[in-house]
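Here the structure comes first, spelled out in structure tokens, and everything after it is commentary.
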């Protein structure tokens, strides 16, 4: 049985494959970042993953590392992140992606003890629907899982190309909302090919009744199309979008211009996702 | 019994205390060096010690080291040294001061074997009366001693303030011409005081019937006076004279000017030696 | 005192890593249990033999006469500075590289701060014929240049890490990323008792040869166990290595000496701790795959640590050591930059041993509690063993610069010779 | 094979020194006989104990697997690089400084070329609490800077020698001058088996611990004596140390590897030998107090020697070694700068040991006669021991520079990291 606490998240995947963009909140500053998220939603995002930047992002490639550095530099903190989310004017579910230490430490000053409950409570308050915590393995997820259940949020896990057998079982017991299918080994980052590992992963996951969103290295509408055609329920795109943000920073472009480019890129990716769905639908009909 | 092979040398000491200047042959070049030696003789030298420069002058202080470096730089070699001596127009005995390796290697090309004989033979030819070889201890002096005897030259040894007992005996058995009384420990070099070690050394040597010439650090007529008054049969002066040469090199002074200064310095030292002799004579009469 | 169950030391430890790494970590756990714990295929025998022949073990335990006099007690040094490469680091690097070879891996990666672990790993890889790449922060590359050359000369690649401040913390993160990309043929040789299980336990086991030897040597020499054992603590590998065989000897005090840096205070706004004293001033958190004591701000962001000694300059510490401190078995203390420099010069001048700046911290603590200016009545007892974790050749540039800037009183005048150094 | 009578080795040896030094030398002879040869007051016991505890002896004898394969025979390294300070030099320095202490001397002077003997002496003096001054040529000060810092940090004074080319030859002369001035309270710790008797014999005796250990170790490991023992030869102290206990084993070939520099030819006019191969190309002469083989012109002027390795860059050689070569007991060979550099990189990359450039010469000879490009049928036999006299950390700058200039083929590309070094 697959858990799903958040109705919004469940619905986002129910209605055909989802386009799930990722941005780092506060990159390069709160105001621009807000405009960028809203642009992605205008461009067709079904869910938005928002990164809360952590000082040691061990799962990220250079693109997202830089985005995180810019966001931290601009003063992003967990509290400001929650305010940022509260301020956002979008109608799609938001998933917070961060590292466990920030989840673990939040609210410690009041409670005196570290633990994930205060973080989840506050996230629920501002309307977050779920979490991805890439350095939290299923084995250590108990307390966060409990808090998510208490506040009705989902806990997304990553499944890697190397995840099989017992480990896969253990993760799939814990996962809710959707499963993050890592398209290839390594860290995040835009690549120009689509890995065969993805197909194999999707195969392994076929039996599990939970939306499968594929991420790591998707950068074009064509990629998105092929992934969805291969059976994915969604595509997660981070670095390819952050490249647009980074370009804007480098060239000192006005926020509105960068936002327009992001919206366009989102449309491309969303369109790819849709084409993939048609192909996938056609195929499933054939089979 | 004390040996004396060279009559000239014996005579130089017979007639009252001797003033024995030292210069490095070829410092700073052969022509000047010749002028300087002749100036010293005009100034009253009774014997001249001529240094044949060796690349590792371990017994010399900085002043003589520099003189040696200048002489080597100007191309001085054992063969040129002998020519230099042959060319000299002086009427006092000349003593060659050098290190054993030069004595040992000379003529090897012809004989095929190293050994001191060819060197001594050639020295005799050009009119040298004796040797000082500061790195040749009495224990190793056999072959050189033999060659000297064969060609009628003297072999001077150094007696240090630390030389006593058996060592002193051994040296005094080998010495001929005069004994070089090292006024203080260390290397050559002009100092401004006269060491008490000198008196003690002269005391130790009193019983030996050989001229005692004191060297190391004598720089003024007053020094010379006191040393001779203390019982020495001669004073050896090197660094104080080489300082004059070095000054000339530094200021690029004409050779004649430097030679004049050397002659004057020689007069001062010779005069000191004479005053000392009077005092010494007076004292020996009193006792 | 066995402190470990299931990769945990009390609340500390665990495996907080990206999913992509888990298979590699499980494979490593398995290899650790078979080869290290059960000596399968004679792994441990080969390891110990290579430690002797290649590494130069056993290292001596030396009574230092003039320090013994100064502190009015018997002071012994465990001479890990004599290990091949110049520090205890080879004990671990050789163990892990050999293990990787038994596991059939083809490629070794490692992080390095001071460069000591990197050079040890590069040496072990050359020795055992495996490819080696070392990640090193650009700041550390600049301050530990001779070690960079040594790695290159041993045939290793050195990959500069330019993110953040460019020190050990960033290098570890970057190496974890490489590992996550190349798990299948690559082993990550971590440099201290940190990271996800089984690293803390495994590195401790490779390093425990220090206390195994020292315990036997001191009994032979002094006829009894020491009253206390002192070791500096960065990640804590020389520390755990020096303590491991003594933890069950309840009468032996174990003292972990951290880098006090320039101050124990913290600049929350800038996210900077001017020290590396995570045991003394840190709080529980999750860093680099393990729950442990870390230097962090109240949000949980990891702080930049600081120490004059690059090898101690780390915001975390081994989970087992954190647990032993919580449990009261190990005492955590700290020594600041100036006192460490002074101790560096003192040992160099009075015993003719130039210690690593890291190790100088342990010596600095002895001076602080037992030196001429200390209060009466310290707790170290009459027989003290100090683990001299490494030699200080790598630190010459730093020491000369810092000694001048700070005006360290007992330093020789180095003015004459500093010209060509910068 | 006892080669010594009365301070002579055949025709070689003797005491060619200024008279002022003779009493000091006689005093030293007496002390050598009593303390070293007769172990009076337990001198040798204390020396051996300090060598173990402070110096880190015994050093290991390591079979090097990949070189053994390359040369198709058993190759073992005697790991003198693991001695405290990084070279065999401490064996001698510690012995002499301890002897000076037994003799009641207050002040130690020493010369140094590469800086290895100077650092060893500085360490020994700090260890034994004696004042220390080291003479070092200004040229060597520039090319061996880290060692200058180490000496200063150990509390020694370093006196630059500016005469001549400013290398070891000039430094020895200058130290002899200091000794002649301060004989009464000062001992001159000479750094190799050179100089007047009793230095050559005494230094050999202090160094012979190398072959004492190696002989026992190889018998234990290989069950028999080696077919040959290789050691580099500058002055020849590691050489004599490595050979001493084998000289009576007539079936063991002893091979002294000199620095061939850039060529064995000689520039008579400029008085320069572009090598340091006094055994191979020198002639009998008197240098620094002894009759021995020296590089000299036909007049007998000592030539400037040259080698990429500062520690071999000397125009003379120990008289006993010269005698053993004349007598046919030791074979003298040489390896040029380029081949030594190549051997340096080879050992670093294939075994994880960075050798001193000096020691790399011994390894270079193995490559020359037994490497892939060598003719068939060398004389070294199936079981070879190479004395690895020291570690190469001190040589990093030189190696990087020279490797670039000469385009040594097997060197790693160091471009990336050379920026900050110059």
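All chains are identified by letter, namely A, B, C and D, in their written order; residue positions are counted from 1 within each chain.
Everything below uses one rule, namely that contacts are C-beta pairs under 8 Å (C-beta built on N, C-alpha and C of every residue); 3 or more make two chains touch, one makes a residue touch a chain.
The model shown is predicted, which means the values in this text are computed figures rather than measured ones.
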**Asked** What is the set of chains touching both subunit A and subunit B?
**Response** none
**Asked** Quick one: subunit C and subunit D, Cα centre-to-centre, how many Å?
**Response** 34
**Prompt:** From the C-alpha centre of subunit B to that of subunit C, how far is it in Å?
**Reply:** 66
**Fill in**
Where subunit A touches two or more other chains at once, the residues are none
**Asked** Taking touching chains as linked, do they make an open path (line), a single closed cycle (ring), a hub with spokes (star), an all-linked set (complete), or other?
**Response** line
**Message:** Show me, using the given definition of touch, all chain pairs that touch one another.
**Reply:** A-C, B-D, C-D
**Request:** Write out the stretch or stretches of subunit A touching subunit C in their complex.
**Result:** 54-62, 65-66, 69, 72, 77-79, 99-102, 104-106, 108-109, 114, 134-137, 139-140, 157-164, 167, 171, 182, 185-187
**Fill in**
Listed in rising order, subunit C residues that touch subunit D in their complex are 52-54, 56, 59-63, 66, 79, 81-82, 84, 86, 122-129, 141-142, 145-146, 148-150, 152-155, 158, 345, 348-354, 392-393, 396, 399-400, 412, 414, 416-417, 420-421
**Asked** Hey, which residues of subunit D end up touching subunit B in the complex?
**Response** 14-20, 22-24, 26, 163-164, 169, 173, 176-177, 180-184, 271, 283-289, 294, 296, 298-302
